[in-house]
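Each chain gets a letter, A, B, C and D, in the order it is written, and its residues are counted from 1.
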Amino acid sequence: MRVAIIGATGYTGGELLRLLAKHEKIEDIEIASRTYKGEPLFKVHPHLREIYKDLTFISPDEVDSDLVFTATPHGASLKIVPSLLERGMKVIDLSGDYRFENLEVYEKYYKVKHPGLPEANIAYGLPELFRKEIKKADLVANPGCFPTGSILLLAPLVKHNLIEERVIIDAKTGVSGAGANPSEVTHFPNVNEDIKPYKVVDHRHKPEIEEKLNKLGKVRVSFTPHLAPITRGILTTAHTFLKENLELEEILKLYREFYKDESFIRVYEEIPKLSYVRGSNYCDIGGFAIDDNLRLVLFSVIDNLVKGASGQAIQNMNIMMGFDEKEGLNIIPLNP
Amino acid sequence: MRVAIIGATGYTGGELLRLLAKHEKIEDIEIASRTYKGEPLFKVHPHLREIYKDLTFISPDEVDSDLVFTATPHGASLKIVPSLLERGMKVIDLSGDYRFENLEVYEKYYKVKHPGLPEANIAYGLPELFRKEIKKADLVANPGCFPTGSILLLAPLVKHNLIEERVIIDAKTGVSGAGANPSEVTHFPNVNEDIKPYKVVDHRHKPEIEEKLNKLGKVRVSFTPHLAPITRGILTTAHTFLKENLELEEILKLYREFYKDESFIRVYEEIPKLSYVRGSNYCDIGGFAIDDNLRLVLFSVIDNLVKGASGQAIQNMNIMMGFDEKEGLNIIPLNP
Amino acid sequence: MRVAIIGATGYTGGELLRLLAKHEKIEDIEIASRTYKGEPLFKVHPHLREIYKDLTFISPDEVDSDLVFTATPHGASLKIVPSLLERGMKVIDLSGDYRFENLEVYEKYYKVKHPGLPEANIAYGLPELFRKEIKKADLVANPGCFPTGSILLLAPLVKHNLIEERVIIDAKTGVSGAGANPSEVTHFPNVNEDIKPYKVVDHRHKPEIEEKLNKLGKVRVSFTPHLAPITRGILTTAHTFLKENLELEEILKLYREFYKDESFIRVYEEIPKLSYVRGSNYCDIGGFAIDDNLRLVLFSVIDNLVKGASGQAIQNMNIMMGFDEKEGLNIIPLNP
Amino acid sequence: MRVAIIGATGYTGGELLRLLAKHEKIEDIEIASRTYKGEPLFKVHPHLREIYKDLTFISPDEVDSDLVFTATPHGASLKIVPSLLERGMKVIDLSGDYRFENLEVYEKYYKVKHPGLPEANIAYGLPELFRKEIKKADLVANPGCFPTGSILLLAPLVKHNLIEERVIIDAKTGVSGAGANPSEVTHFPNVNEDIKPYKVVDHRHKPEIEEKLNKLGKVRVSFTPHLAPITRGILTTAHTFLKENLELEEILKLYREFYKDESFIRVYEEIPKLSYVRGSNYCDIGGFAIDDNLRLVLFSVIDNLVKGASGQAIQNMNIMMGFDEKEGLNIIPLNP
């Protein structure tokens, strides 16, 4: 099989290449970037030197593959994806452009006019909840990093209607989520020895989490992300209120049941750590506890560049193409 | 004036010494430690070399000062403080031993039998709320680091009865809060590149926050701390629900009014950062925002070793002794 | 094939397990630890949960495999290894106990009485220099982490007699090199925001580097390691003086030639970074530059837990057993 | 006294303001920045909120003070400084523009045409070596951060002619040395979990170190800096070769004698740490050791923004103005 990556110069592009190198069904890879056209891969991704010999950036227009990953900024995908679909390629888009059913919400949060969804089977690429839709899709909208950790963390509670409608998500992310381009926000002395809240009520991932969770049950999401002085990983802390008292064992059992057939979800009692999933496609869920206000607190951890982006994209590809869902994703976490 | 520090070998001891060195009213300092008796100060605090010439650890029993800081572990203070009071010394205790009015709560959370409060004027040493009591006190219980950040952050809302009873505090602390003794929790590879929730519903500071806030109004606290890969600082994120819609300006105005005479509280619209207060006695409060669920989110930052411990202890001393409250605390934050 | 790991609870044990899980020739794994006997693997290595189902620690005495990795402290290996050899198992020892030909030097630096080398084919496990000996060995002494980075960096220069005898190695290591046990040295606030020289003239790895390099040519090594606030990786900076002026191109060519058949050595002009090799078995060498004092400076980077320990151990196993040398080691670096 | 800071928006500007706020001789401060003209100080330096009330940026052209700190980029100072001197102001320039006696060297390393030195008493502002010249100067060239740590570390050895001519300096710096402007080099994921050599033979500070040390004795400097994942501080490791064997005690004694009247130099046996000097004007020197190759290794630590920049600038001002040299610089290090 032949795949292409458009926008292969960023972190998600690099991670797709790391993972695809071990994917048994991949026969050929195209990497496209307008800026780096003609340059060898290792100029942009020095860690991949010797891994892909002779791979060179081509222009996005030259792409001709069975499936294309568009790791392009939001807004840019809107311009590229329809023509790829028209030319018969399957597309997995890593931007926010095709994640929303409600395009008004998209336009409000992304400040971009949406031209409307293309005529195609479109699925939201969170396999644990939408595997059936993904299987039939021509275009998969790969979820945002925060939504992946948040939705997987809360889905069983919402589905089983165990918690009050108002849910608080206090998320902590590594800096690689901000991408490979430097800015004041990512300037080392601004990040180091600090932990910084940002977009504290209006982050774009808030409505994404809300739209998808509401397919399972009624929920109103309050979402606040924090930038932590780490490179990889998202810890999601969910503060919820139980409708009625429950034993922790019941909740744990319910989670284990909910995810029992999932290869990439690990549910356990202990508090999860970023290092338990680093570099891998796992989402670990644990640390369940209830206090005397009937607050249930629980946690998930993901590698934002893997399960939160490129790993999940390959998981989606495997489903779309009928491959083993774990193919190329048997990565063991790097700890410490 | 003559002061002593019992338990001067830890981080709070070191910070007391850093600050007292510049305090104009201090004529003499005793440092006490059973383990390091006879050793020069710089063996334990090399950064203080040349600052205090010829200062040597004495035994706690030899202490004879006007005021004593007990920077001893909880449980140990219970044994030391009463005799210091009997010998006519004023005491500022940095442990949890005298923070609670409800001793049953203390015993439940600290797993220590409390012999009862001594016959003395005892105050909870959060000057912004209890200045009058501190002025008259012989024994001041210096607040915990988390309670300092949390109570100062929420007091105006609770006092003015603006929020629902249930409040969620999601706190992030640096590792110096765990003290100078190494453990698995503070082992560098276990902390670095991670952010770790701990004692997610049963941290000792939870009932402390709750007892003190309930003096201002009815509130039920859900508290979850996280260990972040930084050395100094606590960021406190409070998630509250407004009883009715309010303009942010009103809230900001109310906070400014509440703290208008306070030298160490800075209130502003912007999101506060740990580096804005590092090394100083400031508590910065800001980042107020309201989302469409009427959740009000707001933030405070402190240096856990200064306003969260030793700086506040000196502020308390200044009040007890009738000194200028800012004496010795005119430290400008170290940023970056 | 059946392998065992004695001392499987530390970081190198965890890494062996991460890598062996993907090794096609491994049919069975035993993990041994006196302390954790009977415990499931994930209690000690939570990131390996679900990777090895049902793997439980056994006692070291019960080990019965074709090949044993002894990830035991120095001194301990001296007691364990001979009996394993006698029982017909091959051994790869990760301690310092069998690295020296000159046992007096070992005894001086390790403060341990050496009972003498066992009757067995023993090799120093740096495949790029001693592949032939490793192939025939029953016991391989896996090199220290610093020696791996230092010897590979300097071997071509020494072999070709291009530099003055006195060589300065200024090494910077991550904290995982200190192992999984907490100590004052690894206490987060002692490491963070610092970079600390230690054992500045008498580190144990100095004589190891010297003994092995002197097999290639005459060299006197001055070695100073520094502890950096990172988890994984060693950057080795070598300061050497050229005997006569050379073009950088010649030196680069010589290095490429020297390592042309090596799968795990990448030589290039650019300055190498730890993130280019993280999690992988690569040793990258680059950054060659000559100043007006004829000083040649050059750099190597390795992941101290992989090429500096467990990855190299598996590389040695592959050579000893006649497997493809890269088997199980096709790990792509994790960057960022 | 009235002072001005031109280029007050960067880290060194912020540090000057932190220190000047406590300086007893300062009656008025002007802050100048073309970009931020008219903005209040706290917009650029939020940590200084409430410290300087009502301080607002003016245009550099409006500056009218007794003494001006030019914290401007190299090249820019060349254009500003002469006119300030002509208008009768004293100047302390923090750029590289006036550090060199040999202007050809300046032009080679800075790629800027130097118009020639102004008619004025110019001194190189390293008080421990050039105090007499500074006292008479109208223009002081404040040393670079690396030269400060390196020259102070090596001066006694060079002066006493104890070491071979060729000296190797392997320096490790925090990221704040790169300034407040973001770039690819300072992008958090590029710095974190790495330690990166840069300008490994041709850093601008190399000839500065060499020119100044050669006033004390003959020496040829090989200099290689590394960027470490920390915010503040420079650790300088010097590798030298003794001409003949010496006892460490002799060397230590010689250093103590050399710096015996210096308030900001602390000499000791132990290995110095960045945290021992953080935020302060100290330069600590220690860790002396000799190996069997007669290599003498030794270390200095400074806070690059204080003794390496703004603190030293104020020390120079104190000398120029006849103030107590320590005025405003009695800052106790912040540890941890």
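As a working rule, contacts are C-beta pairs under 8 Å (C-beta built on N, C-alpha and C of every residue); 3 or more make two chains touch, one makes a residue touch a chain.
Since we're looking at a predicted model, the values are computed, not measured.
The chain pair B-C and the chain pair A-C differ in C-beta contact count, and the higher one is A-C. Taking each chain's centre as the mean of its CA atoms, A is the chain most distant from subunit D.
Mean C-alpha position of subunit C lies 39 Å from that of subunit D.
Subunit C has its Cα centroid 46 Å from the Cα centroid of subunit B. Between subunit A and subunit C the centroid-to-centroid distance comes to 36 Å (mean Cα coordinates, whole Å). In subunit B, 11, 176, 189, 192-193, 229-232, 273, 275, 278, 336 are the positions where the chain touches two or more neighbouring chains simultaneously. Looking at the complex, you find that subunit C touches subunit D at residues 166, 168, 170, 172, 174, 189-190, 192-198, 200-202, 206, 220-222, 224, 226, 228-233, 235, 237, 239, 241, 271, 273-275, 278, 287, 289-293, 295, 297, 299, 336.
Interface residues of subunit B, counted against subunit D in their complex, comprise 11, 14, 18, 21-22, 45-51, 176, 193, 231-232, 266, 268, 270, 273, 275-279, 330, 332-336. Considering their complex, residues 11, 174-176, 180-184, 186-189, 191-193, 229-231 of subunit A touch subunit D.
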